[in-house]
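In the two assemblies presented below, chain A is common to both, partnered first by chain B and then by chain C.
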Partner chain A sequence: MRWSVILENLPQLLHGAWLTLELVLVSGVLGLAIAVPMAIVRCSRFASVRAFPWVYIYFFRGTPLLVQIFLVYYGLGQSPWVRDSLLWPVLSQAYWCAIIAFTFNTSAYTAEILRGAIQAVPEGEVEAARALGMGRVVTWRRIVLPRAFRIALPAYSNEVILMLKGSALASTITLLDLTGMARTIIARTYTPLEIFLAAGVLYVLITFLILGGFRLVERRLNRHLRPRTGH
Partner chain B sequence: MRIKQLIVTAALAAGLAGTAAHAGDTIRIATEGAYPPFNFIDESGEVKGFDVDIARALCEEMEADCKLVTQDWDGIIPGLINGKYDAIIASMSITPERQEAVTFSAPYYSNKLQFIAPKDSDFDPTADLEGMTIGAQRATIAAQWLADNLGDSVDIKRYDTQENAFLDLASGRLDAILADKYVSWEWLNSKDGSAYEFKGDPVYDDDKIAIAVQKGNTELADRFSDAIKAIREDGTYQRINEKYFPFDIY
Partner chain C sequence: MNETSAALEVRNIHKRFGGLEVLRGIDLRAGSGDVITLIGSSGSGKSTLLRCINLLEPPNEGEIIFDGESLALRRARDGTLVAADQQQITRLRAGVGFVFQNFNLWPHMTILENVIEAPRQVLGYSRDRAIADAESLLEKVGLADKRDGYPAFLSGGQQQRAAIARTLAMHPRVILFDEPTSALDPELVTEVLAVIRDLAEEGRTMLIVTHEMRFARDVSTQVVFLHEGRIEEQGPPSKVFESPESPRCREFLASHL
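What follows is the complex of A and B.
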């Protein structure tokens, strides 16, 4: 074991860890923005309306993330039509290809988590809202969605952590995320054990960071459930 | 008493293994399988190529029983160090860094590093390359050369396989690729590579390709070196060479 090799390459590994964190956060936020409307539409009473989110979720959950990222990066780049389009400045960059693939992937899983949570909101609460004279939109905004977010939170934190690990696939399309950086360092030092160990520790630290963030959100959303303390 | 017995048995076993390494032994050889025409996997799933033919010829010469396995490039040296196989025959260049980690046989061919770019591009390796995007396979001497010589001025993109680098040059994401000349030569002669050409002279032309064995296993390295010499002398090497290139790459 050459421990010094970790220390020598730590700045680069941290650089990679930062890119990993960025990929997860950006695609997480974009994914959530897609997932919420997708989940709402998925709960529609009309089968024809439900069909689109169903196909979308089915496709992205049914294919490996590696295949999706290769399709976006190498697949789209093959067609001259895409290369001449307005989208090429975005699609020519590995960074945005990774963000696109991760966003679609995580939005499908998140939409399904939210769909389950929306359906788990007790019927009585919805009926109570109606009885108070709230319309459909207000009921969704004030009762169903806030309740559903709270129910979905533990499962959603799982999805974000899975996304963090999935982000290692960014290294296959030339990005120097934590895994890509580790592999590039190993290519020079031939010390896979030391460098992958260090990368593993950094992944664990990022996981703690994400879990900490979720705990804060959870405390805030469930603050009405905590016993009241005196003034 | 027991411990003594154990030591004696172990010593005997080691001795036996030592002698077994000579006649009718098994040598596990790793290659990459994504580096045409040197090593690649054909439609039927079989590993083929110059490296593979050379490996088979050497094994026949050494009267050894060889088992060929494929291993991704950037894990190929760690796998050797950890004893997953005994030798690497995968177009590996001798470099000082690798010599710290493994022992090499005598070279079995020579390679050059040369840039390729689109035919209609005015890419010139001797000009200022500031701001260009150049691709290479990760963990190769080409990637190392780029990092050492142009690391500060160009954006180096590293690919898991050489095939992916060619794919990305074709999609227009790269200004140029630095790669082994003969691998590029094969691709430039294919349909996909017809719009590309070599640019400038080779930037590095003293690249010796050899067989890597575990560090300190000079016995196996020497057996390979002797076998290379033998197939070179009896014409087997030339027959394999002709199958892939119209010029001698030794």
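What follows is the complex of A and C.
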């Protein structure tokens, strides 16, 4: 074991870790923005309206993330129509291809988490809003969604952690995220044990960072919950 | 009481759940200041009737008249009647308060936030005005010190009193109470009934579904006994409780007094 190799390559590994964090955060925020309307539509009373998010969600949940990344990165570029379009400057970059694939993927899972949370909001609370004359939009905005976000929080933090692990697949399309960077260093130094161990430790640290963030949010948003174990 | 003084009136309300006919033609009229208690065994349709009045439950048949205005209804695909005019039903719901058996406070909001929510969102009150209103209402129901607490930290009786304050904040002309003490531990019933009693003394118009017979006898101007979806006995409490005509009402009272 050559521990010094870790120290020598630490700046590069941290660089990779930063890209990993960035991929997770950017696609996480974009994915959430798509997931909210998707979950609302998924709860529609009308089957024809529910159909679109259903197809969307089952496509992204039913296929491997790696396949989705390849479809965006290799698949889209195959068509001349895409290569000639205004989007090509974006779609020709591995970074944005990864963001797009991750965004769609996480939005589908998040939409399902939110749908479950929306349906878990007690009917009586919605009835109370209706009985006070609150309309559909106000009830969604003030009661259903704020309640659903709080209910969904623990499951959603899990989804973000899974996305962090999934982001290692970005390395398959040339990105030097934490995994990609580790492999590049190993190709040069032939020290897979040391470097992968170091990368693993960095993944754990990012996980703690994300969980810590969620704990802060949860403490703030769920302070209305009575602690289960009193005193 | 003349025709114009009715605060709330329902005519010929029918409600079916699948093949089960829960309400079979109910006519009821609440004049201004009336306190009408609805009694009857469980399954007699009392709560369903209350829920039909503000369309929390869509009736299959009937007419609802609030403040001299007949509610425009249209038939939905499942055969029930739903509001045809969104503004009108909002007006009715804002003017007819509803207090639930299970309080249904919003747990993510403090007690104060629960009370100011609807006045701000529905009546368009400013935050200051809504808070001023809410504070005096919380004072009135004895919860001034709980304004910044969350519902889960309150007892059932306190939660129900907060829910009553939330309803009063809309300045309703009529208040419907759906078994307001049925979910409470026995020792908490009194404090909630005391609040409702105060409201009755203020001359508020109220319809109360309850199993508290002594309370019904004390506060009501009119008692309505429901049996299998029909009004079986109706009149001032002295008549209904002391000399009911219907044998079923007599039977019911004998087992509940």
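Here, the second predicted complex is superposed on the first by the 224 of 231 C-alpha atoms of A that agree within 3 Å, B and C clash if a C-alpha of one lies under 4 Å from a C-alpha of the other, contacts with A are read in each partner's own complex, and residues count from 1 in each chain.
Going forward, a contact is a pair of C-beta atoms (placed from the backbone, for glycine too) under 8 Å apart; a residue touches a chain by one contact, two chains touch by 3 or more.
Just so it is clear, the model here is predicted, and its values are computed rather than measured.
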{"item": "Which superposed partner A:Arg226 touches (first chain B, second chain C, both, neither)", "value": "second"}
{"item": "Which of chain B and chain C A:Glu125 touches, first, second, both or neither", "value": "second"}
{"item": "First, second, both or neither for A:Arg150, with chain B first and chain C second", "value": "second"}
{"item": "Chain A residues touched - chain C or chain B, whichever exceeds", "value": "C"}
{"item": "Partner chain(s) touched by A:Gly135 [first = chain B, second = chain C, both, neither]", "value": "second"}
{"item": "Partner chain in contact with A:Gln78 - chain B first, chain C second, else both or neither", "value": "first"}
{"item": "First (chain B), second (chain C), both or neither touched by A:Thr174", "value": "first"}
{"item": "Residues of chain A contacting chain B in one complex and chain C in the other", "value": "none"}
{"item": "List of chain A residues in touch with chain B within their complex", "value": "74, 77-78, 83, 92, 94, 172, 174, 176, 180, 183-184, 186-188, 190, 192"}
{"item": "Sites on chain B touched by chain A in the complex", "value": "74-75, 77-78, 81, 97-98, 100-101, 135, 138-139, 143-144, 157-160, 164, 167-168, 170-173"}
{"item": "Interfacial residue positions of chain C with respect to chain A in the complex", "value": "54, 56, 86, 90-94, 97-98, 100, 102, 104-110, 117-118, 121-122, 150-153, 163, 166-167, 170"}
{"item": "Chain A to chain C touching residues, read off their complex", "value": "122, 124-125, 127-135, 138, 142-143, 146-147, 150, 221, 223-226"}
